[in-house]
Amino acid sequence: MTITPAIKRDYLSKLAEQGKRADGRTFNEFRKIEIETGLIPKAEGSARVKIGNTQVVAGIKILIGTPYPDTPESGAMTTAAELIPMASPDFEAGPPRENAIELARVVDRGIRESKIIEVDKLCLEPGEAIWMVFIDIHIIDFDGNLFDTSSLAALAALHNAVIPIERLRPDLEKLQEKFPSVKKYLEEHPTDYPLPLQEPPISCTSVKYNNVIMIDPALDEEEIAEARLTVATDKNGDIRAMQKGLNGSFTVEEIKKIIKASIDNGVKIREELYKSVGK
Amino acid sequence: MESDIKLIDDNGKRLDGRAPDELRKIKIEVGVLHRAEGSCYLEWGGNKVMVAVYGPKEALPRHTQNPLRAIVNARYNMAAFSVDDRKRPGPDRRSREISKVISEALEKVILLEKFPRASIDVNIEVLNAEAGTRCAGLTAAGVALADAGIPLKDIPVSCAAGKIDGHVVLDLGKEEDNFGDADLPIAISPRTNEILLLQMDGHLTVEEFDKALEMAINGCHIASDIQKKAIMDKYQSAPEVK
Amino acid sequence: MTITPAIKRDYLSKLAEQGKRADGRTFNEFRKIEIETGLIPKAEGSARVKIGNTQVVAGIKILIGTPYPDTPESGAMTTAAELIPMASPDFEAGPPRENAIELARVVDRGIRESKIIEVDKLCLEPGEAIWMVFIDIHIIDFDGNLFDTSSLAALAALHNAVIPIERLRPDLEKLQEKFPSVKKYLEEHPTDYPLPLQEPPISCTSVKYNNVIMIDPALDEEEIAEARLTVATDKNGDIRAMQKGLNGSFTVEEIKKIIKASIDNGVKIREELYKSVGK
Amino acid sequence: MESDIKLIDDNGKRLDGRAPDELRKIKIEVGVLHRAEGSCYLEWGGNKVMVAVYGPKEALPRHTQNPLRAIVNARYNMAAFSVDDRKRPGPDRRSREISKVISEALEKVILLEKFPRASIDVNIEVLNAEAGTRCAGLTAAGVALADAGIPLKDIPVSCAAGKIDGHVVLDLGKEEDNFGDADLPIAISPRTNEILLLQMDGHLTVEEFDKALEMAINGCHIASDIQKKAIMDKYQSAPEVK
Amino acid sequence: MTITPAIKRDYLSKLAEQGKRADGRTFNEFRKIEIETGLIPKAEGSARVKIGNTQVVAGIKILIGTPYPDTPESGAMTTAAELIPMASPDFEAGPPRENAIELARVVDRGIRESKIIEVDKLCLEPGEAIWMVFIDIHIIDFDGNLFDTSSLAALAALHNAVIPIERLRPDLEKLQEKFPSVKKYLEEHPTDYPLPLQEPPISCTSVKYNNVIMIDPALDEEEIAEARLTVATDKNGDIRAMQKGLNGSFTVEEIKKIIKASIDNGVKIREELYKSVGK
Amino acid sequence: MESDIKLIDDNGKRLDGRAPDELRKIKIEVGVLHRAEGSCYLEWGGNKVMVAVYGPKEALPRHTQNPLRAIVNARYNMAAFSVDDRKRPGPDRRSREISKVISEALEKVILLEKFPRASIDVNIEVLNAEAGTRCAGLTAAGVALADAGIPLKDIPVSCAAGKIDGHVVLDLGKEEDNFGDADLPIAISPRTNEILLLQMDGHLTVEEFDKALEMAINGCHIASDIQKKAIMDKYQSAPEVK
């Protein structure tokens, strides 16, 4: 358990009282965002996202699988996130800890509950064969705000992803011998095509310390934060997911303020996302 | 999952006959276990949860100790038989996330600084599950902490609001949870209305969110009254302190 | 490794020399037994059993499964017991330790080897579909003698259990399309009916310390015990299972004495079991 | 599992020709391993087991130490190839239960108080399994402990009795175990006839149990003589002490 | 982490300077090899191999299984090695550590890559049923050079192994009802027959310390070794597998010298292997 | 797996147009991560690997410490998306073996005695895999160690040779690896040509081995020059030391 040095806390708190942050940003300002897509040829989709110095690589693998019994006509998706020791001296190898589990679940829910992936278009043969989408998030450099960096990387990789008709043609051709619907599917989809997606919500995370609230915390800020709130908002400014963290509290007014800032920044980040994927 | 089920009728009544801002029935028993230092059995609609509190005691393994304050180890666990399809015993990713957010919420109201290097263990067992188990578990944990004599700034309490068929309503039941549009579980410190836990899945406009948050806070206060009554009943009926 | 306080050992030993126990019982006397059934609506059967302050909740789930290859016409059963931290400050979370494993195996054998569950009546379609019975034992308050409390809770929950025709009707109707025998089964069993059971043996545990033997040890007695013997006996007074534990020993005479006490108490406990399930 | 197999014929002979109170053949070799401090290779009918003893040495991890006495860590393990269907390597619930009851049985006969905070490790490997491996393993462990020079009150020994086709018999073989009515493995301290291990599965009347227990104790004494002869043979044939 | 006593290192180094080893061998000489086969009746093949005091039991189980999707007409093989606490006070129970994993993988590759087992002859029905060969290596006494002892034990056990037609006749007869090719197979193979094998390479391990190189290290020598090289060579003196270990280095000349010694000793060990299996 | 694929044409050209003794293209970037003490991003043909170095720092858990020197913990890991079929996250037997042989190779060139009880952690992440990832990873690790300022006797470097269609060639590509006859990855200390890592699978005559080993050493030297240039480029372009 790390004890945050009192001196760092004092310094950042004093700055905050003056309305400032250590890296010169305003409270409502994100760090610089860089998005690169398609860097992993073996993946069906991939993206490298930097928010400040935090850096995440997300890769999408799309495989043929069998549907869950309770959703026989629906594709499936899974999200995994690893806090690998590469990214920080504080991350240990081994099975995922609470922090990694919360991260993966929040990113997963952000994509699953807002139905970004059109899973109803990922059925090959009801009850028998579907497309399974695996989102793997690799954190390689950690300087705070993993929630937003990881979820943006996942979105960018999804937008970069194609259904791998070419790579899996032998398997699909074997399937079409058994299932006429796959034969029809292959005629309609003769080659790779983009993974069908809906408009994505954008996730923005804020933290609070000494009664000041600031968005996109850098690691130093995160370490002294008392409470954290992640808000995902969509194109219409509606709320699509929220997750509060840490052992501090928020007032109702603070939450409303954070929602406002999340909607504002969400608009800009959505533009960067679309630009990066050529939309 | 979508469905043709109509979750709210033309009179504004819900499937189980409740009004939009009506809680399910809550029943609380305090001090029901012999071995635990504090305990609570709580029924909330069809949910049945048992909570046992142990501590403060030395946190183990040692590397989890905080030299300045106690830590809270909430452990939310669903019994294998608490759901329709048997659940594999042991923690899964869902229960570990819920344990984490409940631990964080409880830490805010406990006077942790009194017990450096200690842990306070809050064991939450869901015996029968019927939508809203994390709210039921956290509410029972608040009572069990009080029963254990852990010094608290306030007794934390939890409740959810949500959206069904386009209406904002309080405390979603099973079908409302499965086929509704949004779920917003929160926990508060009732004395200050500070928000200790907040999660949201689904789709809410900002206006709907504001309404749902207000409704959930109201629900918390109703549950808080039931908590306090249960604690008082125990200590009034028991002439001697345990 | 706990070192039992010498003072407690001395006190209990002195009492024992005078023929007494700390809670006033005789050596051959069980603590008060309470049995409540049907408390878990989600479970197919359930029971809460208290022996003194020790409290156990057992739940039965009954699902459709596929038979083991070597018993294609037989249902299946599994017993799991968890020593969860709720019940005692000495129980740790995590994978089951030796004590929990022994407990689950002894309860399981007690039910399996004495053939309480009529598994030959749990076949839906040979080699294809059977009923699987899961017995899960949740120990919530620990004051000694888990073996008897757990096994009694399992028995009470089994006697409370029904085959869940209603809940699984959609699955059964899908099955009957494939297998005519399931169609016939559904005609014969139009709704939930009790899990078919044989007469159960009753398990009674005794411990020995300072050459005194006493039944149904409370936690204090268990902690200073040198040897433990569990004996399950049936309605006819026959022995159906035994398990010796701890690093002390018994003489042949002591074992015979324990068997006698187990048969005597078994008669009374069986009555309580039947009363609780309305038999 | 039930079967039409007749396990005992009209002359009271069993499938392998044994009389009801006759043991399978037992062969014991002492001190067969180079590295272990004590070792024993034992064949009992078709069973082949190897036992290696290490210790007393500091018990690790430290929290397992008992400040007043040594602990015994028996580890019963079946080789993957020791049974018809390959067994997955590593401990399972059965082997962990057997390890526990064997550890407890051995602790009774070792002068544990001489070695506070120590552990004595008894590694039992079943190389070929043919009914009765826990008895074979415990009997071999007794010899290996003696070979290791661990101070013992007595050399423990184990044997089973059981019931087949309604008859009480000694030392069940493979088919007798699969299709018999009851199995009663025990271990004793042969000097005092104190019972160190006892398990029973199946169905015995009280009278049958009494008879089976007596028969198993007799079997233990026969095995005990073979143990002692093997140990003596080793030390007589070896002019110098190891 | 063991610190090798300086005194042992000094003693062995001094001996080595004089061209000697502690047990009187020359640098190019193996310890005495003993091979016994067929000792495990339950196994399809088995062998006990001693090299000096190091002792290993290997057992082969052969079962019916389903082929991997990418090799539908090929049998399968798996190698597992356990460093069980029986063999050394330094081996711990629990999941395999790096050393055991390297050992199992090197033995497995030695057999797999040199195609000793003729897996193409182990197909019962393409895509449906094959023979699966499990090689389990049990190390029971550890005095150095596990690589060579284990791989020799695996080879001897394989040469002792039969396809278990008799034991699995009921399963095979059930299979032949579904697959005509299994019927034909059973006619051609009415009873147990030897597992089809190719000529095996023989693995020889050398170590280096103080610039001296010696083959078949005993435990004392292994503990002070700086670098290790295992070379598997075949009947023609060709190289079939190599694995360097430890944190020292070799020169090109040293490697060539080790290859030469491995070929020379391989010839002798192959003779012992054949003799033991009656070839 | 065998195939009719012709891996080398009549002009001695390989599938991707390379000559027998020609490396794939190597690209190295130094110091690409903010948090790590040293880092390297390396592309080798289609392989893309990232390496981060942390340390020397106290080795944990404590029982891994060596009182006389530092230990190297290389951790080779393939990203789930780095291969055609998704790889399950986490270490498997293959990655643990590779981590072991890379750790051993790196230990030889680091001045370990300067840091008793310490560990130097070398995290190797394979982002895109295309035959030869262990060579790519070890070569990148050498650069990252230098970037971290770890005192080195030499910068280790790695390369493979192999045999395809009967010809000894350098640096096998994907199809050459799948359908070739032998693969011989090595690592060397380029200053002395000492061999730090060597593995071989397949079938080589002694003469072929000698030729392949020589070719692989030459490949190492080519890669070594690219390593050194990348390191120099970084420190020349950066006027101030990190």
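Letters are used for the chains, namely A, B, C, D, E and F, taken in the order the chains are written, and counting of residues starts over at 1 for each.
Just so it is clear, contacts are C-beta pairs under 8 Å (C-beta built on N, C-alpha and C of every residue); 3 or more make two chains touch, one makes a residue touch a chain.
The structure displayed is predicted, hence computed values, not measured ones.
Visitor: If every step must land on a chain the current one touches, say how few steps get you from chain C to chain E.
Guide: 2
Visitor: Centre-to-centre on C-alpha atoms, which chain is most distant from chain A?
Guide: D
Visitor: Find the chain most remote from chain E, comparing centres computed as mean CA coordinates.
Guide: The chain lying farthest from chain E is B.
Visitor: In angstrom, rounded to a whole number, how far apart do the mean CA points of chain B and chain F lie?
Guide: 52
Visitor: Any idea how many Å lie between the Cα centroids of chain B and chain E?
Guide: Taking the average C-alpha coordinate of chain B and of chain E, the gap between them is 58 Å.
Visitor: Quick one: chain A and chain B, Cα centre-to-centre, how many Å?
Guide: 28
Visitor: Provide the C-alpha centroid distance between chain A and chain C, rounded to the nearest whole angstrom.
Guide: Chain centroid spacing, chain A to chain C, equals 47 Å.
Visitor: For chain F, jot down the residues that touch at least 2 other chains.
Guide: Residues of chain F never touch two or more of the other chains.
Visitor: So which bits of chain C are touching at least two other chains?
Guide: none
Visitor: Which chains make up the ring, in order, starting at chain B and heading to chain C first?
Guide: B, C, D, E, F, A
Visitor: Which residues, counting only chain A, touch chain B once they are in their complex?
Guide: 1, 3, 71, 98, 101-102, 104-105, 109, 113-114, 229, 234, 237-252, 255-256, 259, 263
Visitor: Contact residues on chain B for chain C in the complex?
Guide: 33-36, 46, 48, 50, 52, 54, 57, 75, 77, 79-86, 89-91, 121, 123, 125, 127-130
Visitor: Could you pull out which chain D residues touch chain C in their complex?
Guide: 63-68, 71, 93-94, 96-97, 99-101, 103-105, 107-108, 184, 189, 193-206, 209-210, 213-214, 217
Visitor: Please output the residues of chain C touching chain B within their complex, sorted ascending.
Guide: 39-43, 46, 53, 55, 57, 59-61, 63, 80, 82, 84-89, 93, 95, 134, 136, 138, 140-143, 167
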